[in-house]
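Same chain, two partners: chain A is paired with chain B first, then with chain C.
And now, the complex of A and B:
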């Protein structure tokens, strides 16, 4: 046999891998968002698609701009697309496109790149972009259009194509969100229609049923940590149940709390962002319960109708601390004498 | 695209039930098994080669001291080096031949180590001299320990810890349970599987000898359920020979089931406290290969001069389970298996999760070498490394409940003191964290480096 020069690879064990890569994990979440996006187009028409695309483009543009010199371009890991999609799905359907685009720019620029890129940011980038928009354009960001109904999927809200910094058309068919109705008119929306999703709100916050199904699939695929949605939803339920039992006319019933607003969407997609949530299992519980408590407090006693976004962002800031105090008990440590 | 089966697999795992009924430890990972290539291949004897290299320090502890000189004629099975200390063991000639050299030779880890090189006598029959069985029943524990040390028997699971050291119990320590490790959790390897299947009598005989000598109450043989035939074989012999104190138990298939402390947790539901060894809680763990080696020694007077090695991987033309004399060069072993394929990428000694990469085919098989794996592009992957995304998969994988992501980050920043505080020294380097990492970070390797630095500072 002829002798061949073979170059052998020498690397440290192990030689096998699970096969899941970071981009694949993100792709999983992106796939999971597609049905949500489709449903929002069904409810709010083609405008919603434009908003999602604008937010994503804004994010991808900044990611490219900051990293164009790098050899390993992080655009390939798909995280910018994911952030843009997540942001887009939390915006009102009638939001002017330039605002959505700006939101995407801020989400990636201030939410991720300045921190050092993927894996280093403290706050959820999509929610940071959303907080920026809400702070700067409070009217546009709280003008929730009613579902389009008979107008047809291809009808566009008049505000969609406004130019930057020109008057936002506010005469569109706007509908108050269920949480607004609760807070300011003291009127509770039927839990059944919340569950299906045919109510005013951002795309992502409309159908609790769809989000529950998607969340379930993601948990089974181990794409998201089940502990965070469990802790968040569980603590919101328990806390609001306590208030409901104290005074059922003043406070909404716990199912209303679960299925209204952005809670479901945040529980499945926002709070579970691995980068900005705790590393440890115990930490995941603390993180989730903290978010649940803040959400309930803001919704019932704060000046805002919805508090999930701030709940997530506030708890994001505590993640390094949570990680520090919630180190897992190492095997064989802290045992009683008999090893049990 | 992701297949549907990937979605339903976790559901099925719960619905099937078999997964959760069997005992196991917490955490761990499920690598693909890759055993089909060799699990049905009966153990064969490889033909004798030309030269044998016997490093003097192939066990944990002090190196052995040669008792032969260059040019000496040696018979197969005769002593060539004696134990250099208590934590050390003897070495025997694997073939009849001449001592060609006693000088440093390359060992699989890449270092040079003093070794005895033996040139086989091409005309020798290589038949072992017939010896009477050694009546182990009458031996005192001290004599038994002496016999084991003189037989050169070490743990054959991979660590090569001299077995007799485990049997030397301090005063007042009693071993209640002996665990025979038949988990064989490393993918690809089937040598323990075949051994239990083909030689269940010897496995149980060895286990019974250890039990009686240590006066232990019970022996449990832990076998992962993917070796159900081996389990059946053991159970039949237990029944036929009325081994009252021995039971064979099925375990869930999970890596690293065969790690000593994991196996104890799986079978006895007890955690060995940190900084303690199993005997502190009255448990002793031996590999099935070790049990068979002990049985063979007392039955035939055969010291540890050969072991069973699985040769597998897509880069090997003819995979096999072979009886290999210690000291056989990897090259000769692979030649017998039809040689390597042209597209070979990587050669590993041991299992695919904890094995060592080898850079030369002239390194010898050691007492602790359980497999030779030759990988082509089919298996080899050099993952692209991404930033840690804090997903926590490594925490869910770590059988010692450490925080591998944090430890790896600290290792990168050379914060070794901080690593020690987070129990880096507890790490058994099983590699489950690296296996699970979606960002392709060599977590286990980084922790290994950190442990090395922590040890160096002490």
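And now, the complex of A and C:
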């Protein structure tokens, strides 16, 4: 049917649009992830690029499979690519590619499409995919290779090209992550190298400096809500400062807590996912502080060295409740009358 | 589905409906406790399915033959006592024959008593129909249950251990999907199978309206 040019537009308010559509918002975050991905290639070599690509491919494939009969194909909004990128950046560099691919499939398949597509999922898809991989392949997912160092960017970890469904045949040179060292050997990594990022870990979690800069840019562009990272990082800092002041030999320095593990990455990219975070400003504070508290509890007292992923997923589950209790008062409604 | 069941050509239908059209797990979503708990290997699933087959068929036969002497007011407790009798029999039988699997199944053997598929078949069918039809109905339902358990247990064992009935399928370098033999794997695989069933049903235009399911949920 021919498009008819309308002279008089009859529709309800709002009439002003800020021009930001879902694909544009996705693209913003994708651009922001590119420097992180490049830095990970610098630190861990070309393997990291392969892992990111295969996680993204897995996600895009499932998105296409589930939606191939729909007219408005959601592949165009780029959310599958974004989820794949986010997932890929939280994986260890030497992870076999088939596992990364499977993670992408689970992230989009079970994390998004079965809920009804973009905007309907309760949990962060990328973290759901990561949680699935961590539960499924605990050894491969916690084998953090040391940064490649002098071997050159094009050197590939031997575990990257493992046959699908097969185990990693060779032992790769693995380095314990700073949080592992803290948890199991009581050895604290220098905060300075954490800040720059030349430590073992997943790609996205290594350089706190870069993530802070990117987070700042995204906040200035209003792509992410500043309250969530502020509440998450602030509560982690305050809580770990309290523990540090109680016993400075047992508990780590609060700066160590801030710059280690996936906290920065989660604060900038995972927790701020608009679908799975609260809508209200007050809710954002509750959400962030809840995540910070769970993260500190898991790191210091739990059985796992890192807890940001579970903190985000757990607080994701509470988002509908948070939205309900943090509704702002509508103008003219719900005022308390005197003497009642 | 509860009346005019006396015609003999209905017999086959009473049998086959429990296997597929009204599959207790995949369609009615009943008996979730054993379905999720004991399907971490195909062998456990098989033994659980056979035990349920014995209990369901036995109690359906007994309930339908004594249904006229059971007062309406105390029928549920009578059914439970009859079911519990058969469960005790199978409990000790398994303990004598396959003590290792009996130990793995643990509390889930006595818990067959409260499997709502069994009580559901007594309440909805055996208490109103002849012995012949009740046994066919019970066999259909329990074969459907066995099929569902085997599908879950088989898938979970293949992915989680790389074996089926303890026979290694992929060689020693297979990377096991640890989550599949843990409780989350049960939920995941069941959810995926239900997804597949619903997708299958949505694709095929419904021939006749699904009769309202009259079994109690639990």
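We adopt the following convention: the second predicted complex is superposed on the first by the 312 of 340 C-alpha atoms of A that agree within 3 Å, B and C clash if a C-alpha of one lies under 4 Å from a C-alpha of the other, contacts with A are read in each partner's own complex, and residues count from 1 in each chain.
The definition used in the following text is that a contact is a pair of C-beta atoms (placed from the backbone, for glycine too) under 8 Å apart; a residue touches a chain by one contact, two chains touch by 3 or more.
Predicted model, so just to flag it, every value in this text is computed and none were measured.
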item	value
Contacts of A:17 with chain B and chain C, given as first, second, both or neither	first
First (chain B), second (chain C), both or neither touched by A:310	neither
Contacts of A:120 with chain B and chain C, given as first, second, both or neither	first
First, second, both or neither for A:329, with chain B first and chain C second	first
Partner chain in contact with A:110 - chain B first, chain C second, else both or neither	second
Contacts of A:135 with chain B and chain C, given as first, second, both or neither	second
Touched partner set for A:144, first chain B, second chain C, both or neither	neither
Chain A positions touched by chain B in one structure and by chain C in the second	none
Chain B to chain A touching residues, read off their complex	2, 6-7, 10-11, 29, 31-32, 187, 261, 265, 270-274, 276, 281, 339, 342, 344-348, 350, 352-357, 359, 373, 375, 379-384, 386-393, 395-396, 399-403, 405-406, 422-423, 426, 431-432, 434-440, 442, 444-445, 448
Of chain A, residues touching chain B in the complex	1, 4, 6, 8-18, 20-25, 28, 31, 72, 77, 117-120, 217, 220-222, 225, 274-281, 284, 323, 327-333, 335, 338-340
Of all residues in chain A, those that touch chain C in their complex	96, 110, 114, 132, 135-138, 140, 165-169
Chain C - residues contacting chain A, complex	170, 173-175, 177-180, 182, 184, 188, 191, 195
